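As structure tokens, here come the structures.
Paired with chain B in one complex and with chain C in the other, chain A is shared by the two complexes that follow.
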Partner chain A sequence: MPSILKTSDSPILKVRDLRVRFNLAHHSLEAIRGVSFDVRRGEALGIVGESGSGKSQTMMAMLGLLAANGVASGEVWLEDRQILGIRERDLNTIRGNRMAVVFQDPMSSLNPYLRIEKQMTETLRLHKGMSVASARKRALEMLEAVKIPGARQRIRCYPHEFSGGMRQRVMIAMALLCEPAVLVADEPTTALDVTVQAQIIYLLDDLRRDFNTAIILITHDMGVVAGLCERVLVMYGGRVIEKGQAEDLFYRSHHPYTAALLNAMPKVDEACGERLKVIPGSPPDLQHLPSGCPFAPRCEYVMARCLEEEPGLETVTGDHARACFYDGLGG
Partner chain B sequence: MSSAPLLQTRALKVHYPVSGNARRGGNHLLRAVDGVDMKLQRGKTLGVVGESGCGKSTLIRAILGFAPISAGDILVKEASLKNLKPKAWRSIRKSVQVIYQDPLASLDPRMVVRDIIAEPMRALLPRQSRSQIHERVSDLLQQVGLSTRHMERYPHEFSGGQCQRIGIARALAVHPELVLCDEPVSALDVSVQAQIINLLQSLQVEHGLAMLFVAHDLSVVRHISHEVMVMYLGQVVEYATRDELFSRPMHPYTQALMMAVPIPDPVRARNRKPTLLAGEPPSPTHPPPGCRFHQRCPLAQPLCRIQPPELRAITPLHAVACHFAEQIQQQNFQSRTDG
Partner chain C sequence: MSAAPPGRMEVEQELEDVRQGLWLDAWRRLRANRATVVSLGVLGVVILLVLFGPWLSRYSVAFTDWDHISMAPSLASGHWFGTDYVGRDLFVRTLAGGRISLAIGIAATGVSLLVGISYGAMAGFMGGRIDNIMMRVVDILYALPFMFFVILLMVVFGRNIILVFVAIGAVNWLDMARIVRGQTLSLKQREFIEAARASGVSSITIVRRHIIPNLLGVVVIYVTLTIPQVILVESFLGFLGLGVQEPNASWGALINDGAQEMETAPWMLIFPALFLGLTLFCFNFIGDGLRDALDPKDL
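Moving on, here comes the complex of A and B:
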């Protein structure tokens, strides 16, 4: 396997002005309001946000997995092919093949009635037209790649016979079977213990190098992002409010929300001050988004303009951009 | 430390019988808590950390009387909770209250906030008039950062952080001396977590509360605790004052746990050379012989496979259950003077 990281410059995934609207009984709700980003080959992009920020719906829309009342618009280009809104039949040739997902809860994403072997080989037989024997060989190799001890025996097991961490490894192995260009991981470690979480993060980092697969990590945990991702998008109220290199966001954030979020986290390796710096209030309810900037009601730098006008995403330097009118941050 | 502790456990064991697969030896015992000694003084916070299955939540359930005491004892203000009559529990409930992890699920969806907060007062305190109760509820709401206008609303009308505030107000309603917190912030958004942590800290000072704070998040525990107890498979592996534990962790498990916590700093995260623990905690129905951590321990010696280490005080402020605690302490010291 090639172990040199090839990050070519042309993006492998391009999302342009993605919008998602859910039609409810009496009205409709805009969950995502114009999200755009690029992912390059072999790169790890983190999408961070709190509940209702739109981070998970962005992924669901990209994969054509929105709920029945959800409508997506915009463009999603995967390897130079527009895939948003295409027929289910065509999507099925892409999902699990060129773009794969690992969900938060591995137990509910695996079929409890089928042995791991059956579930893994099915993907290969379907997408790659492999024979039973060669699919089985490939599945075994992949279980070994995700470091499942005794893969030869374990492949005959049912999902419930694995521990939480091992099950997540199986999910990652399954997702990588067809060597997808993009692996989307939606809170892949949230249900796991910290020591197991660390194992999975290091595994994802290794696999990304080995397979040259781009990873989109969707999470609420800034710590997990710092450990894995080169670039980060921060979402709030259905929009991207800041994006850039991890260093730009963690050390030179130009958005009050990103900065406040980092400040509000207690740190395990730092002696504690007396009080944590809090962000007042709670994340906005998408049904009652404030006019102007969605963060304005909680922002310590709020100005009159913020309450009327929503700031657009503007470049700070290079690919560091933020959506905020206030200029005093990050200096 | 000379005054009698508010809460104390002595060699506490909580074992559950589990009916098992006959091929694997039939029925056996799940040793959820297996010999825990702890003391909590008035007005202090003891943090309890560990991974799933370490027994931290069972400890709380046992103190509340929801889990059986199989051996050992729990003492609240020096009175044993063993074989307590249902009536006697009422006076315990007045001094010991609890805050749960899932803020919405721990509130009755069909009661309005006023009744949720007033319920323990009606059940446990001497009879009060409606206006007295109204006054107390509105006072409590203000203390937790909500307002009187929230009184007639139902739990579903609130956000997660607000529900947790209601749960805190309910716990404070009967003037408890001890509040047991079972992962009180782990279900909340990061921006809201800090609010609840600060609220708990100021309420503690205001009311002189003692808190048993159970969490899997070491950063949160470091922030809020005076003393910290690290549990692994039903046993205490390290028990120390907060600063001692975090600046000089001695048990290999505590060290690994700290290395595994993600730090929100990309350069330091990349440069960190972690000693990753292999595998996952073994099952509490079949704990390994000897030291329960030896299968995952990077420093394990033959002795560890045979003899279970006892929790012993290495310094007056620091107890560790590891045969090699002194050597680790020495290394800690050396690496600091070298660096």
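Moving on, here comes the complex of A and C:
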């Protein structure tokens, strides 16, 4: 197994102007409005946003897993192959093989009727055409890689015999079985205890180094992003509103929304009894998006211009970009 | 044919493996359930009796013993269960009737199982327009009056016991399809199905591997309810002169006859009813045990 971290410059995953539209009974709704980003080999990218910002749908669209009434447009290039909108059969050779997913809830992501062994070997037999014996051996190796104690016995267990954290480890092991180029983790720690959360994040980080797999971490938890990701994408109202190196965003954020998100994180050293900070208002209703910047109604720096035109992504420095007209932030 | 990475043989071998795993575990758990084990034993005895019992007696199904009409059970005459109002031996008739009742029960349920599960699971899994069309077909068939359907079959193809099998099977799978579809719809929303899709598993494999095993609990219970129901439907058909015809018998037909002679010759009712009751009890206990055994969470 390669253990040297290679972050080559050519991106392994390129998403260009991804748009997702859901056709409802009487109208349609645009959930993602032109999202573009790159992920390089072995890199960890965080996608952050509130509920309804479109972060999960971005992933679903990339994998062709949108609901039946969802339509995606744009381009998704995985290892120099356009995969958006291709046939289900071709997609099935990519999903789980070159791009894998870890879902949010480990309690319901495993088939309760099959032993872990069966569920793990399924992917290997399907994509790699391995024999039963070698698939079993590989599954065992992966369980050991995700640090499940007594893997040899545990592989014969049913999902209900595992705790939540252990199940998430199994899910991660399953996702990594075929050594995918990209691993998408959709809120992998949301359903877990805080202590287990940290373990899972460290585990993901280790595995990223060991397998040189790019990780896309979808979360609303800035703390989780800080622990794992080098680059961060902040989404709001179906668009990317700021992106850049994690450090730039955390310490030199140029968007009021990112700043507000960071400010809303509870801090341990805050005085007791002090109220948690919130961003006033609620996320935009995608059916009735304001004409200008979608964040304008909640923004404390809102200007007349913000209500009329929607700011585009503009480079601040290097690969740090933001979509905002206000200049007083950052630095 | 192109040789896709996992060869057909290998996939089948693997499926075999899965099936064995599931059923082997189920068997292990089943053996721990006393009521089920006893029921299996009793049912086994009933089946053996029904298959080979009639040969033990010196009488045949149609033979009328004019010397012993409506006679109570006795060892001396060789009529161990007594005789009916035309002097036919009840022991032979009860066991021979069991052949037909059990065969109809198992065959019709088997058909409804096979057709119902694949149809319902497919409709539920595909969803949308396909589901709509498939289920409207079920509705239309459902609306067809059962008796009318049976009479039509009899008129067109003549009276034949096979037709009773066909008729009952053709109607029973509708219920099964509806139940299975409903279950599949709710299973489809579960995250492990999404996870399977996200790891590139094809639809057919998802249905076979992830949906159907999760349906088994409900299906098994339904099957144990269906077998008795089918046996009773057959007796109802027999009562109307559409089912098994004299001199052949089935449990339903015998109980019907027995009920009319209940006051003068109670044995005519007691023996067939005893066998039917015993069999139905066994199926219920076995179904209950199977349901528990098939759920990995119940150890």
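Everything that follows uses one rule, which is that the second predicted complex is superposed on the first by the 321 of 331 C-alpha atoms of A that agree within 3 Å, B and C clash if a C-alpha of one lies under 4 Å from a C-alpha of the other, contacts with A are read in each partner's own complex, and residues count from 1 in each chain.
Here, contacts are C-beta pairs under 8 Å (C-beta built on N, C-alpha and C of every residue); 3 or more make two chains touch, one makes a residue touch a chain.
Just so it is clear, the structure is predicted and the values come from calculations on it, not from any experiment.
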item: Room on chain A for both chain B and chain C (clash or fit); value: fit
item: First, second, both or neither for A:G223, with chain B first and chain C second; value: first
item: First (chain B), second (chain C), both or neither touched by A:T123; value: second
item: Partner chain in contact with A:L261 - chain B first, chain C second, else both or neither; value: first
item: Chain B versus chain C as contact partner of A:Q199, first or second or both or neither; value: first
item: Superposed arrangement, angle subtended at the Cα centre of chain A by chain B and chain C, nearest 10 degrees; value: 80
item: Chain C versus chain B - closest C-alpha approach in the superposed model, Å; value: 7
item: Complex contacts: residues of chain B adjacent to chain A; value: 51-52, 159-162, 189-195, 197-198, 201, 216, 218-220, 222-223, 243, 246-247, 256-267, 269-270, 274, 276-277, 280-281
item: For the chain A and chain C complex, residues of the former touching the latter; value: 63, 65, 68, 88-89, 91-97, 100-101, 103-105, 108-115, 118, 121-123, 125-129, 131-132, 158, 160, 171, 174-175
item: Chain A - residues contacting chain B, complex; value: 50-51, 163-166, 193-199, 201-202, 220-227, 246-247, 250, 260-262, 264-269, 271-272, 275-280, 282-283, 298
item: Footprint of chain A on chain C - complex, ascending; value: 4-7, 10-11, 13-14, 17-18, 21-22, 127-128, 190-192, 194-203, 205, 209-210, 213-214, 216, 294-297
